[in-house]
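In the two assemblies presented below, subunit A is common to both, partnered first by subunit B and then by subunit C.
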Partner chain A sequence: MNISKTLLATTVLTVAGGGVAAQDMADSMTLVSWGGAYQNSQVKAYVEPYLEANSDVSVTWDESSPEAVAKLRAMAEANNITWDLVDVTAADAMRLCDEGLAMEVDHDDILAAAPDGTEASDDFGDMIVSDCFIPQIAYSITNAYRTDVEEWNGATPTDICALFDTETFPGQRTLERRPINNMEWALMCDGVPFEEIYEVLETEEGQDRALAKLDTIKDQTIWWSSAAESIQTLADGEAVIGSSYNGRFFSAIAEQDQPLAMLWDAQVYDIDGWVIPAGLPDDRLNRVLDFLYFATDTQRLADQAKYISYGPARQSSAPLVSTHAELGIEMAPHMPTNPENSQNSFVQNYEWWADYRDDIDAKFQSWLAQ
Partner chain B sequence: MSTSDVVITETRTMPYGFTCGVVAAAGAFFGLFVGTAQGSGLAGIVVGAALCAGLAFLAMAVAGVAHERTFKWGVLALFAVAGFWIGALPGLVVGTLFGWFIGWFIYWVGRCRYRSKLPPYLTSGQVLWHYSFRVICGAIFVFLITPILVVMPLSFNAQNFFTFTPEMLAFDPAGYSLKHYRDFFNSADWQQALRNSLLIAPVATLLSVGFGTLAAIGLSQPHVPFRRAIMAILISPMIVPLIISAAGMYFFYSRIGLQGTYLGVVLAHAALGIPFVIITVTATLVGFDRSLTRAAANMGADPVTTFFRVQMPLILPGVISGGLFAFITSFDEVVVVLFVGSANQQTLPWQMFTGLREQISPTILAVATMLVAISICLLTTLEVLRRRAEKLRGLSPG
Partner chain C sequence: MSDATNDSTVGAPARADDPQAQKRADQNVSKSGQMLAADGTPLKRSLARALRRQKLRALMLIAPLLIFVLLTFIAPIADMLFRSVENEIVPETLPRTVELLGSWDHESDEAPGGEVFEAFYYDMALAAQLKNHTRLGTRLNYETTGISSLFRQSGRDIEDIGDVYLDQFEDLNEAWEEPATWIALMGDPDWRAGYTEWFDDGQEGAPPGFRPSEAAEEMLPRTTAVYQNFATFTAGARRDSLAEDEPWPVAYTALYQDLMATPAAADAFDGDTAALLREAAGALSDFETVDFRSYFIDEIDEDWGDPNVWATIQTFSGPVTSGYFLNAVDMRQTADGAAMQPEDQQIYGLLFKRTLFMSLTIMGCCILLAYPVAYLLANLPMRTANLLMILVLLPFWTSLLVRTSAWKVMLQQQGVINDVLVWLGLIGDGSRLVMINNQFGTIVAMTHILLPFMILPMYSVMSTIPPSYVRAAKSLGATNWTAFWRVYFPQSVPGIGAGSILVFILAIGYYITPEIVGGTTGTFISNRIAYHISSSLNWGLAAALGTILLAVVLILYWAYDKIVGIDNVKLGG
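Take a look at the complex of A and B:
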């Protein structure tokens, strides 16, 4: 009895002490991200500078963001959280938050204020779509086409419906193997006004209508499940037009000199950011919070835009976005949020898709298998 | 005179119709590819067939055996020039190869040389089957080996995509580079993955070989109770779908604190490798004469000495091949390590797997090429050693 009481007391004291001092920080972190050009921008913009300032810390990368939800579930079930900070899309962050797998945070409390004193929550504004979500960048899922297709006889796609116009723009398409965005684009090109799209999509007939439109290009479409595949098929000339993340396109066009051009019409914005797994031990949590405070401040998010054409999530970062770190080109025209690019664009409808995703996903997959 | 020069069946000139027909068929077959590449498959077939039939007739009726050499060089030059005209340098190579082939083929068919190595009593059907069989075997070989061969030139790509660029196809040196190999050696991630693989695989192999050999020897004793059941359990990792073993290991190892540690990955891979060792060692034990151990015991050797001095040398081939399988299992394994390992234990297959999904970069192909080269070297060494051992033991004549 005595021993356990003493133990208990010591534990309480230690926890309290840790809470007060907050000095007890782990010296390693496992960061989870997407790999590729995007992860590289994170490394250059804030991980390397952070490690320079804290030479005793080491960082391990795990390129597991695509299956972050499943893996975090397994970790929680096995009570063995090996990740410290996880980069996910807004939709995944909402799911993780709902399931209690990600930690809820007070944004004003843990994040730096803007240089002019604006609180973090105001600086990020609408980007904070969930209490667990710490936004980093806004990106878009959009389309690009090859500029050297002879069969097009000089025609260039100007709007999203070029995807479905196989007469003017013959050739293979490449689209994401999921209904989100594809269904919207199909209905837009089937004559549904934008405001009514989700109303139409709620009905069985509306879903069938979108699939019927997609049916017209189904046998000419290569479905991708990772963004790298779509860039590969386009660079290889296997496909002539298709969707991917705008940053991947930027990297292929500006950095790799591929004969591709952007088709910004009807681009869909999405947000990407960090979540902290729920249930981290104190020392690791302290390290993560210390890193987050640094990595999401106004300058760091603006720096990230030097390496990839994704818009920083903070309003205060936008004026600081300058030129590409290596190529020296002006980044603003390549940003999805640039006025010229965003004439016809919309934000992914997270709430609507949260309600309908499972049903439409099942329907879409069985349509694919037909 | 070596065996290949022996002529069993006399050659003769075949009817022109037969020669022209067969050669035309070959011409049509190749013409289809050239024609398709140039825009019209049908035109390719017709031109290829007509051209080759004409050449065959020329060879048989005009050139004959007397001017065979001149004729073959002429055909080779003709196709080389035609190839260069259609497709520059790559066309020249393909054209030369085809010209060499068709020149040889015309005389092979037209002079009935295909029968020269075969006994004279074979029917036409048997001769046809003799060569079809070889063609089928060749096609299967090509089917198996092509995916590996395609990877190799792509790994020297100057671009960051899995694409045969026009420069590469034109054999322009600018289209090739070693940058993906430099990437591999300069990237901390890949080097860490290589180190992890080289750390995990040998240790897992040692464990597998040790436990697997002992288990096989124990289970081969007739007096062990439930030995079939025990054997089945030990071999189960080979039969149970990997993903199920992996998920099971994940939860079990998490509970006991082994998940995300080197020891955990090594143990998991050892468990996967043990069945291979058990099976190969059990197979060699079938031919092992137990009276040898009794004789050794009779001479005063204790069981351990008997094992190392008498039994081990005799079952060594089984142990080594089992160990090789265990090593390759661990070195190639991606599913279990994704579950049991954490980011610190990323092995080469893990790195290749995520790399392929997230950033299709030819660095993966450079790694694959190096792994293929290493495997070929390893297997060649083993085969050479095996032959040498056989020769020393006088088992093989040559």
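Take a look at the complex of A and C:
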């Protein structure tokens, strides 16, 4: 086999040549995120430090994460990917991976190990829900209530079923206008044990049961579609109890002094992180990988928690979480991952929802419209 | 085009009382009696040329706009509308399966036989390598819940089948691990020479496209097909090359099957390759084999034994589908034809009706509110009218979101209006009015937002109605009402028509205001379209809903033209 020897020899050369080419990096990046307090935490914790160390690089932000999947799909169809790194939720990362729109990565290969030498994939652990997904933070969708409701006669909600208890806790509720989480909470309060929720929700009867439970509060609920709405509704006293992201609640309570208190019971964990769009040119990909290595190391993720109450995705970052950068309060008690807050919590079942989303959403919307 | 004839230097008719002109005209007639232009060409042709030049110039003047509109407006819309029937993904991803599945009877209670599973294995293994299988899973999950994870799971496990054969081939002879073995086995000699040359020359540019040898095509058809796919894929990938990667595991399955079918395949090859093939063919009888059907059902997922899954693939196997349109009218495509959706999933009919009803209501409210305002604007002295006009335009220039949110603050239960009513003692604190997050809120906010679109056309029509008509009517003895109703109003109808069309068409596609203040009963069909575009990614269904909405608007426009007449619409003057 003559050819094979020639080929082998040239292979070695090519690989060596590839090493030189890897130094070729683009000097600008387009990062996509959610805007608001969350994007600010990213800017402060690792984008600004990175730009200080690499003064020739410029960063453009695009606040398109809520529609990232649709936009990335449109870009891929037009064959013109203008984004370099996209911040999405775990469920969206999975869909992007499914659609072949995000690049699969080897986490140990491209990410820094923990200071004690633990490989990145072990340090992130279960947070890596998809081969394309590089986790950053754990947040939760949870509930809060107003602390100044006279009709409650001093009672305070202690568990999730306060949402459905209109006798003890009269007043309007505010919940997200989609089935995810609401269906689970409804079943939970209808007496379904924790482990069996998705099993029950798979059946027609189970779905009807959850909707019947939601029926009891349907006409007292303001359905929100963006998290800011829910905070506004609660702050105005329009609703007295309702759901949103824990980081939004934190800024309403700690930074804006709203008369709200957290109801951590049955909080639903979700994860947020980066994906790299598939098909980036080499120089841009090299820049992104260089940035990612820096932005997702143990210290940087711990730094992010100074600005927002979301838990760092690395186990090794947790002990490094300190105080809020401006208010000076301890951040650990406000994290969804804090043991006191996570006594009763569950992780969204992404795979299950990927299958059932279309079906249950049709049912849910039709139920809402009736 | 009337300017063209006036401007052209030819054809001005000679006047009889002008002798010089008569003389010139005589010169302009040829011997055969044909009219000639000044330069001697026949007048007809000259005129046609002048007209053509005019047309061409006009076309060139509007060309930038025309191209702009075509590229940025017509083409994307046409493309989007086409998605409502497009279903290429199924036959493209599963070509072999779709062909064989045609003859399977979906009413039998069993999954199809081994042949279909064999074809499906090849389709699926290739799709998994190209990462197309999950996209297909998402597509079919719109029709049958659960297919998404079934495809994702199967894509992960399917390599195991090929690995069974791969291991055995490589245990037999290590040469099977070498990419070069495969190049020698599959490639056409000319192509091989070209490829080696390209490889040795530092691999500049694109490699020569793979061409299978005749022997391979004839003796090893399955393997050739798989390898062809592999070659195309590696050529498209950035860092891979045929000479550096061994083919996908599925190639070994294909080789096994080909050799089983044609044990004498080696005779068509020569040299080392023939020896390798001969050795392999001799050892095949001892190979451990995999039964595709039972492997899929027993090892990968028992759902592959579910005829429903196969019926879904069969139903949606064509390159076009009516499924999205059926979904858009609360029906669905099943193996036995169209059927209604279960009652608790029907929503689009309701939303279409609601969208039409609310758009008409909003249009009506706008007419009622805008008419007196436009009348005042048109009839007050200039100074006051200008001031009023600014008041009309000011909200028009304010951000849509600001105006919508302002209504939220006004109308909510803890809002300004309720607070005032409670303070006045008109309602009790416990019985505050619900005015937002429902139809009422949407109608109020949208009426306010769309009002200028009604006032402006009305105003521009009314300002052209001469006040003397009404005065004349009155002087002839008409009462104020008769003068208005019989004389003024009919002249203002074109303004109402224009405003109504504008407001209605804007309202029917409105999205952001209903989303914010609509709650559950005040949302429009556009909110569902937006959901399918950006959240569920079911673009086909979104396109079908959009197409239906477009058709409804066009039908209403046509009806309006028939009843009122589109000539009666004036935007001004």
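Just so we're on the same page, the second predicted complex is superposed on the first by the 349 of 370 C-alpha atoms of A that agree within 3 Å, B and C clash if a C-alpha of one lies under 4 Å from a C-alpha of the other, contacts with A are read in each partner's own complex, and residues count from 1 in each chain.
In this text, a residue touches a chain if its C-beta (ideal position, glycine included) is under 8 Å from a C-beta of that chain, and two chains touch if they have at least 3 such contacts.
None of the values given here were measured: they were computed from a predicted structure.
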**Prompt:** Following superposition onto subunit A, is the placement of subunit B relative to subunit C best described as a clash or a fit?
**Reply:** clash
**Request:** Could you tell me if A:95 is touching subunit B, subunit C, both of them or neither one (first, second, both, neither)?
**Result:** second
**Prompt:** Which partner does A:235 reach: the first (subunit B), the second (subunit C), both, or neither?
**Reply:** first
**Asked** For A:64, is the partner it touches subunit B (first), subunit C (second), both, or none of the two (neither)?
**Response** first
**Request:** Determine, under the contact definition given at the top, whether A:362 touches first (subunit B), second (subunit C), both, or neither.
**Result:** second
**Prompt:** Given the touch rule stated above, what does A:223 touch, subunit B (first), subunit C (second), both, or neither?
**Reply:** second
**Prompt:** Is A:53 in contact with subunit B, with subunit C, with both, or with neither (first, second, both, neither)?
**Reply:** neither
**Item:** Comparison of subunit B and subunit C by subunit A residues contacted
**Value:** C
**Offending stretch of subunit C which, after superposing on A, collides with subunit B (from 422-430, 458-466, 476-484 or 494-502)** = 422-430
**Item:** Intersection of subunit A interface sets (partners subunit B, subunit C)
**Value:** 66, 229, 236-237
**Prompt:** Along subunit B, where are the residues that touch subunit A in the complex?
**Reply:** 159-163, 189, 250-251, 254-255, 259-260, 342-344, 346, 354-355, 357-360
**Request:** Name, in rising order, each residue of subunit A that touches subunit B in their complex.
**Result:** 30, 32, 34-37, 39, 60-64, 66, 74, 77-80, 82, 226, 228-229, 231-232, 235-237, 256, 258
**Message:** Going by the contact rule set out above, which residues of subunit A touch subunit C in the complex?
**Reply:** 1, 3-4, 6-7, 10-11, 14, 18, 66-67, 69-70, 73, 95, 97-100, 172, 177, 208, 222-223, 225, 229, 236-238, 282, 351-352, 354-359, 361-363, 365-369
**Prompt:** What residues of subunit C sit close enough to touch subunit A in their complex?
**Reply:** 131-132, 134-135, 137-138, 141-142, 145-149, 152, 175, 178-181, 183-184, 192, 196, 199-200, 203, 238-239, 243-244, 272, 341, 344-347, 350-351, 412-414, 437, 515-516, 519-521, 523, 528, 533-538
